[in-house]
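Heads up, there are several structures right after this.
Here chain A shows up in two complexes: once beside chain B, once beside chain C.
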Partner chain A sequence: MLILLWPMLVFSEFKPWILFEAQSLQASWQFLASFVPPAHSGEFLQLLMVATWQTVAIATAGLTLALLCAIPLALLATESLSISMLETGRMRLAGGLIRQAARWLLVLLRSVPELVWALLFVRIVGLGPTAGVLAIALTYGGMLGKVYAEILDSSDVHGTETLLKNGSGRLAALFYGALPEAAPELVSYTTYRWECAIRGSVVMGFVGAGGLGQRMDESLKMLAGDEVASMLIIFVLLVGAADWVSTSLRKRLG
Partner chain B sequence: MSLVLRGLCVHHAQAAKSALDDVTLSIAQGEQIALIGPSGAGKTTLLHTLAGAIRPASGEFSAFGTSPWKLSHAGRHQLRARFFLAPQTPPLPPRQRVVTAVLAGCLPQWSFWQAISSLIRPGDADAASDALARFNLQDKLYARVDRLSGGERQRCGLARLLVSQASVLLVDEPLSALDPALSLQTLNVLQQEASNRCATLVCSLHQVELARRHFPRLIGLRDGQVVFDAVRDDVTDAMVEALYQNASGITAGADVTDLMAGARC
Partner chain C sequence: MLQHPPAPPVISRSTAVLLMGLLALVTASFYSLAIKWGELFSADALRSGLEFIAGFAPPELAGPFLLKIAGATLETLSMSALSTLIAAALGIALALPASGRMGGALYAITRLMLNVLRSIPELVWASILLIAAGLGPFAGTLALAAHTTGVLGRLFADALENLPPAPETTLRINGATPLAAFCYAALPQILPQLMSYTLYRWENNIRAAAILGVVGAGGLGQMLKYHLSLFQMQQAASVIIAMLLMITVVDGASFWLRRKMTGS
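The block that comes next holds the complex of A and B.
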């Protein structure tokens, strides 16, 4: 094992002891020490608030667009609203084809990571939040659509099936049977994805899609630890806020 | 004859033997029929087949003079609005309000926008309230379904039948969660409603005595086959006993009369 591993480690220049050399220890210490106190000058905080607002806006706008594409695709992809499945246990050919097409579209959308979409869109629409919004819309549309369809399929379908068997329309059956069953899961997954979109928009900021990420990129390059620290605190607060929103929404849907 | 079945066979996916085997029946509009037979005899499958919810493997099924399985997909779904199928376990989402759950019986008649606006402001709360009142549940109108007891839930599911406009009522064991007094009351409401709107009522029951006392026609099912189909007076104790004798899953030594006593209470 060691014989096998050793050349690889040498080849990849894996030298963990560098971490503990006096010079790098000192550099790390200096960088870390500059974290406290976090930057809190009025001017910087104002800048930070604008960037935070931009990040939240990118995430929210991206997720809203993602919902616009995820909801119709999820309804096409779910099996719980199929009438022919009830009749014979199989889907009609046309229905099956549409369902398969929707599934493939969802796969296509989410198989490209948002960072890659962002890089593409930065080339197309230029630097700025638009690229971030579009990147989130596409990837998250794919993820939300797939998971929505699966939540609908795996929740209790007895109510929906009975409504369909009694002749209600599919959308009516969705609102009277499937949604009351699955609403809390759907809401909790959506707010979790919103949280992910906030993190995602930060990462995409590094490639020039605006918001907190872009600021953080600049601060990191200037080794301004105090500014990085303030931004990390903002991240924690944002994720905490998303968590609170999710909990209170779930409580209301109970 | 409003409903005719001829040589009907139904297979469930992945099941070895057929759920219904060569069933021939004809049912006139306005008839009230009790469906009896041991567990697993095919009562539920027969009700679902009558509702046009399951496609038969072979045989003929015609309803109101048309054959649902020869209609287009959309035409068949439209026909389903004339049937009301009440499954044994009430199909009510736990987090839904009772009024919404009951008014879901109107969905086949409502447009999509009517359905959506009724979620915000109940479209016909009076109808729901009246329907619940017939089961003494009017005070539960705005309660949530998961606050109801099992028996209340079952009757709430039947209140949905009362607001529907179906002319064939297919009810699967409506009394399974009810005490004897409530059973009687509930059965009365169902039968009154059916005769008021000249609707056909087919009701599967495990309470054989109730079935024999209240229904003019009884159909005995066993192993997916019709064992007897007779008017009440022609059904003898021996026929009923034979229907339940050595039903699948019960060892030969089991005392069938004990079983029958259990079925009667």
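The block that comes next holds the complex of A and C.
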């Protein structure tokens, strides 16, 4: 245990005494002291409201685009709509290849962290919410697509199979067989991801993708503790509200 | 003739209102953000985007640079492991009062604390803690520990609250001290749950540690930010590949472990 722990302590430069050096104590104390009272001038609060809305809007718009990319990919990747699999027990080569390709694309999209996508997009499209929306769209497109395909695969296939065997088209089989079966789970997962996207969009602001995070980054760099304090409060409230909305939505639909 | 009641509507009114609300939210989001689609898909942007992507190839593979990446990877892994350890210890310490074992006032206070710790993401913690702990992996470790304490503390407290109380009560009635009753009745029951939550969070923390460095808190993220801001794309590409490899390996390992542990 110790043999493992020691190199970890060295690698992570674990030096708790830094925290208690006079210089850092003084800096932290000054910063913390400036937290009270939180900034509450009308002008600043207005700015904060705009930034908060921007954060929510980035998450919502990003998730909408993610849906646009996830749904077709999930339909390509799911096995429950394979006709050749039903007839012969094996997928045709072309169908199998397309499914694998869709899966790999989904894996690639979601394994690059959203923050890295955001960093890259900030370089391409410049500072601002566009980078955040695109980053969320790609990462969450990958996640949603994968989970949608899994949900469709694991839901009861009986209805879909019967429809397909009797010659219905794939889309019709999806709408009348698989979708009613899996809808509550799909919707509930999507709402949960929306909540995650709100948190994600705050974080991406730190690399310049707009919203609350970008403002917080600016205030932190200026060591404006009072502004940071009110932003943290707003942020905790926002996350709480998103949590509440998504839980009650899921209860209603699930 | 039989009177049939009218068929129920396809969607109920409240669901319809909800859907309209969602539609309004989405429209308002796109409208207010004023996304620069034109700029994004103009020939100019496409060209510079392609140039940007072409700059990544080939990734930098020189020996010394790979060593640096290996160092940063180890740093990332240590940050995640250490912070998870700290968080598990603090989490259980906070979970005791937060499961309502020490009175209502302490319950409310610790629950609020856990909620605040949890709802501030690692990255925000990191950029705040940089002021106290300075640039580098130590700030990252503390930040991960702070957020994870909130998450684990809450999960632990919920696990404690959902325990069947009979065994502990029996010990208490028969004269065991509260500590002994907890150690012999409650702890053995929740230990497997605690372990699995902690391992799961560790996995999460590895991923989080990889990107925390973007604000200057050490690990692979710090390297990525550094090389990207110097427009050293080939080096940045290697760092991204290293990140992806690490995440994939960890994912694979945890999948394999979980299958082993659930015993199949």
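Heads up, the rule we're going with is that the second predicted complex is superposed on the first by the 213 of 254 C-alpha atoms of A that agree within 3 Å, B and C clash if a C-alpha of one lies under 4 Å from a C-alpha of the other, contacts with A are read in each partner's own complex, and residues count from 1 in each chain.
To be clear about the criterion, a contact is a pair of C-beta atoms (placed from the backbone, for glycine too) under 8 Å apart; a residue touches a chain by one contact, two chains touch by 3 or more.
Nothing here was measured: the structure is a model prediction, and the numbers come from that model.
Look at A:129: by the touch rule set out above, it reaches chain C but stays clear of chain B. In the superposition on chain A, A:181 contacts chain B only, with no contact to chain C. In the superposed model, A:240 lies in contact with chain C only, and not with chain B. In the superposition on chain A, contact of A:173 is made with chain B only, not with chain C. In the superposition on chain A, contact of A:24 is made with chain C only, not with chain B.
When the two structures are aligned on the shared chain, A:6 is found in touch with neither chain B nor chain C. For chain A, the partner that touches more of its residues is C, with chain B and chain C as the two candidates. Shared contact residues of chain A with chain B and chain C: none. Contacts from chain C toward chain A in the complex involve residues 14-15, 18, 25-26, 28-30, 32-33, 35-36, 39-40, 45, 48-49, 52, 74-75, 77-79, 81-82, 115-116, 119-121, 123-124, 127-128, 131-134, 136-138, 140-141, 207, 210-211, 214-215, 218, 221, 224-225, 228, 240, 243-244, 247-248. Residue ranges of chain B in contact with chain A, taken from their complex: 12-13, 48, 51, 53-55, 73, 77-85, 87, 89, 91-96, 100, 104-105, 107-108, 110, 112, 115-116, 119, 164, 166. The residues of chain A lying in touch with chain B in their complex are 83-84, 86-90, 92, 156, 158-159, 161-163, 165-169, 171-173, 175-177, 180-181, 183-184, 253-254.
By the touch criterion stated above, chain A contacts chain C in their complex at residues 7-15, 18-19, 24, 27-28, 31, 53-54, 56-58, 60-61, 64, 111-113, 115-116, 119-120, 123-125, 128-130, 133-134, 199, 202-203, 206-207, 213, 216-217, 220, 223, 228, 232, 235-236, 239-240, 249, 252.
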